[in-house]
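Two complexes follow with subunit A in common, the first pairing it with subunit B and the second with subunit C.
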Partner chain A sequence: MTTFLQAVVSGLALGTIYALLALGFVIIYRATDVVSFAQPALMVFGAYWAMYFATVIGWNFWVAVVIAAVLGAVMGAVIERLFLRPLVGRPVFSAVMVTIGLDIVLRVIVDDLLGINQRTMGDPFGLQTVNIGGITIPQSDLAAMLGAILVISALLVFYRTTKYGLAMRAAAFDQEAAMAQGIPVGRMFGLAWALAGSMAAIAGTFISMGNSSLSRSTWVFALRALPVIVLGGLDSIRGAIVGGLIIGVAERLVAAYQPGAAPWLGAGFELVVPYIVMLVVLLVKPYGLYGTAEVQRV
Partner chain B sequence: MATRPRMIRSHRDAMALVRTPTRAVWLGILLVFAFAAPLWMSNGLLFLLLAGLAYIVGAIGLNLVSGYAGQLSLGHAFFLAVGAYTAAVISGPSTQTTFGLGINEILVWLPAAGITAGLAGFLVGPIATRLRGLYLAIVTLGLVLVGDHVLRTWTGLTGGVGFGRQAPDPTLLGLDLSTTGPILGVDVARSALLYWFSLVVVILLTILALNLVRSRTGRAFQAVRDRDVAAEIMGIDLTRTKLIAFTVSSAYAGIAGAMLTMRLETIEATQFNLLLSFLFIAMILIGGIASIPGSIAGALVIAILPDIAGPLGSVLTPVFETLTFWRADAGFPLDEFQLEQLLYGALLIAFVLLEPRGLIGLWVRVRNYWKAFPFSY
Partner chain C sequence: MLDVRNLEVVYEDVILVLKGMSMHVPDGEIVALLGPNGAGKTTVLRALTGLLDVHRGEITRGEISFDGEVISGRQAHEIVAGGISQVMEGRRVFAELTVEENLRAGAYTGGGRADASDRVFDLFPVLAERRRATAGYLSGGEQQMLAIGRALMASPRLLLLDEPSLGLAPQLVEQIRELIVEINEQGTAVLLVEQNATMALSIASHGYVLETGKVVLDKSAEELLADQDMQEFYLGVHAGGAGHSFRDVKHYRRRKRWLS
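So, the complex of A and B:
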């Protein structure tokens, strides 16, 4: 029972980070109809900035996280302005291809900056744990969960209640109508990318904290957020959150039980669980749990 | 009539593979050049070209499903792996760690690689045909990552990470293509024989693809890509068309996987990763979407990148060294693999932004400019 609860709790912590990353994808998708494959690179870059300011320069870790989030936003906005804006009006296919190219290029650059060693993030948690009712939770997990919830709530408040959030939703709903109302749709695209960039940076920092570390292979983590958005539905914010939690918990439950129950599935099987969950759900619901089904009109 | 060779008088002429005498001449020159390549090329370059030939097959396959049928697939690396391992299992002997059939006849294992991979495509198809657009891209991406896990785990097939298994052994009708030695009294290098064989395979598969895309099925592909609802109303069976596209494309990928590995000593389980899929995406975008000659051009460009990466490194390394302030670690020079990635990533972005029709589009622009020279239009 303790194993189970422990797996569920750490799964929820993981799930909130997945949700954070997935929201980045969803916001870009809603604004521009593009799934950004550049997100892994932005995530590693963001985590790199946090690590850099916290350990190389030696500033306070939380200050470093804020700087990383700001730099992530700047990178997202600049990328959108330089590489994605010229493609507005062209097939989605092209824009997706550019994000793939960007991911390749940015990842080479950040890999080079990072070097070949694993880096600790300089966070205050280390390997310390908290004991709640017999369940041992790493402090870093708890901090990541709370931090992610905070960021997600802030985003939701921004998106649902502020003027800019309304403008973003309007632009996502109908670009031409939004333009007719005087909303600078191009700037909303930039804003979406900036938000996604800073969320990726924060998520990257959170997953590298505690007993994990930042290395050249960290980027694969962001790819596991792709099943999350497909599971929840590409354009659904609720789907990103629910999907993130489902996949986080599923991954950690498998990690806890599969080595004992089905060792023939191999080491690291939990890392492909997100994709398997995604495939199963898609067989039943091709637009995910909450995605808008496309209506075909003739 | 013979004085107006460019005049097209019938549908048959318009759809011909070689439409004008000029093209026939250039095609002939190109073929002579391609067949003569091993006679003057260095072994290193020939080795790259061998990869290039395999890339051509794979790129044509990807262009059929993504360029012609419009189904964005990031799962190409998975089907390459299926082909490569089918070939390796059929041709390789059973050892203590891996199983194999020990039939090293290339005419057996190369088609088998295509058939198995095609079958895999056919099995994945039903999931794929239910999905549209980016959902499909993400699912096929998942396929590569799940496939990667299977390859890492199934050591009987792959020999395990870090060990690998023997690559397919090319023997054509009893003649071992992988040895050096006199053949009919002439000294021929190992890669030359492999090259000629691969070239013939590539030519056959290219003709097959060209014929496919100008057939009823090929037109159905393009109708589905341009507007699937409209295509369906015209009486095109969407599921069937997508399934054919996936199956044929995967079969091409399987053959490409076998060809890509047969020039090597061992196959590593980790080489069939997402980057390989991206590499093929880069090929068709650089060459030209929905163009068979484009696929060939793109594949060759990507194949010779390793040769360009060296000189590029001497230019870029000083640039990257200026970043010392931002570095977490003492400087690591970019390795060749990273330079290659940097190069094809940049090419990918540049082509999509500046010339979406790829090298073929560039060529058409140049040709049209000179056709009407000195009048710009």
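So, the complex of A and C:
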């Protein structure tokens, strides 16, 4: 039982980070119809900023996280303005290709900045744990979970209540009708990229803290959010959150039980779990859990 | 107030749709823009509101000015902020948002008067009743009212309406007609695009008839209502027994082609 609960709790912590990453993809997709493959680079770059301000400059870790989030937003917005905006109206495929190119270029840069070592993030958690009702939870997991919940809630409030959130929803639903209301949709694209960049930065920081570290291979983690968005539905905010949690928990449960129950599947089998869950769900619901069957765009 | 001079619009760099059309909407009046399917009426409205880009269209010649200022080439949000709002063909309400959110979206530019939403709820009490309803669940008539209300949230001085009567039952058309008159009486000029020429000319002071991108008739509403061609082709009044002249037959064929 303890093993089970422990796996579930750590799965939820992992799942909230997946949700953060998946939301980045979904926000950009909803606004622009483009699946942005630049998210991995933005994630690593964001984590790099947090690490830089916390360990190299030596500021408080949470201050560094906020700076990373802001810089992530700026990077997202600038990238959108310089490289994606000129492609508005062209086939979506070209824009997707550009995001792949951007990802490669940005990762070359950040790899160079990082060097070949594993970098610790300068977070206060290390390997410390807390014990709640017999379950041992790494402090970093708990912090990541709470942090991600906070960020996601803020995003939902932003979408539901603010003028810009409303404008983004309107533009996502019908771009031309939004323009006819005087909503500058180009700026909404920029805003979407800024939000996605910021969330990628926070997610990158959270996965690299505690007993993990930041290195040149951290970016792969962002690709594991892809099954999450396919599972949840490309254009669904709720899908990204629920999908993230499902996949996080499934992954950790498999990690906890598979080595004993089915050792013949080999080590590291849990890393395939997101894809398996995705495939199974797609057989039943081709547009994901919450996806729109036909997303009408103009 | 609004002046369109020799407007030429091309889609996809090659499809010439407006071939030098001119029109004028005086301050505070209702002007009707009529014409068969495919004549280019919607294209005129897109050109006026900076929405050609989205359709790969472009103004290649001519000029649009509003209160003496050239607005052709401005972006959609600048034009809305400048006082021109459009109710698009097919209503295009944000179906996933609530009635209230749709109205807030219409107020995005912040240029609307403080009492804009009072005005909208006065004109359309049904929107006040259903303010928390999801727009997609409203009836067709209610959606048309929402679309008009949303456009009024920016307190435009010129309101462009693209076929507001389309697909509505006769008594709803009548209701929309009266609402347009009321909006106009409150000081908003209206450019009314319609297939329902009878309805449009019953409230407009002036009318233009557009055919294949050219203005073929430009007369006061009264004169248009009395015009022979108008009666035959747009008002459903048939000249009894005289038979069609060759010119009319040709005209008819042209119209059929536009329909396809």
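By definition in this document, the second predicted complex is superposed on the first by the 294 of 298 C-alpha atoms of A that agree within 3 Å, B and C clash if a C-alpha of one lies under 4 Å from a C-alpha of the other, contacts with A are read in each partner's own complex, and residues count from 1 in each chain.
Everything below uses one rule, namely that contacts are C-beta pairs under 8 Å (C-beta built on N, C-alpha and C of every residue); 3 or more make two chains touch, one makes a residue touch a chain.
Bear in mind the structure is a predicted one, so any value in this text is a computation, not a measurement.
J.: Please name the chain, subunit B or subunit C, that touches the greater number of residues in subunit A.
T.: Comparing touch counts on subunit A for subunit B and subunit C gives B.
J.: Looking at A:177 after the superposition, I want to know if it touches subunit B, subunit C, both of them or none. Which is it: first, second, both, neither?
T.: Touch partner of A:177: subunit C, not subunit B.
J.: Going by the contact rule set out at the top, does A:108 touch subunit B (first), subunit C (second), both, or neither?
T.: In the superposition, A:108 touches subunit B alone.
J.: A:286 in the overlay: touching subunit B, subunit C, both, or neither? Say first, second, both or neither.
T.: A:286: touches subunit B, not subunit C.
J.: Please indicate which partner A:117 is in contact with in the superposed arrangement: first for subunit B, second for subunit C, both, or neither.
T.: In the superposed model, A:117 contacts subunit B only, not subunit C.
J.: If you lay the two complexes on top of each other, which residues of subunit A touch subunit B in one and subunit C in the other?
T.: 298
J.: Quick one: which bits of subunit B touch subunit A in the complex? Just the residue numbers, please.
T.: Residues of subunit B touching subunit A: 70, 72, 127, 130-135, 137-139, 141-143, 145-146, 149, 152-154, 229, 233, 274-275, 278, 281-282, 285, 320, 323, 326-330, 332, 334, 338, 341-342, 344-349, 352-353, 356.
J.: Going by the contact rule at the top, pick out the subunit A residues touching subunit C in the complex.
T.: 89, 163, 166-167, 169-170, 173-184, 298
J.: Given the complex with subunit B, which residues does subunit A contribute to the contact?
T.: Going by the criterion above, the answer is residues 29, 34-35, 48, 51-52, 55-56, 83, 86-87, 90, 92-94, 96-98, 100-105, 107-109, 111-117, 119, 223, 226-227, 229-230, 234, 265-269, 271-272, 275-276, 278-279, 282-283, 286-288, 294, 296-298.
J.: Within their complex, state which residues of subunit C touch subunit A.
T.: Its residues touching subunit A are 49-51, 53-54, 56, 75-77, 79-81, 85-86, 88, 92-97, 101-102, 104-106, 108-109, 111, 150-151, 154.
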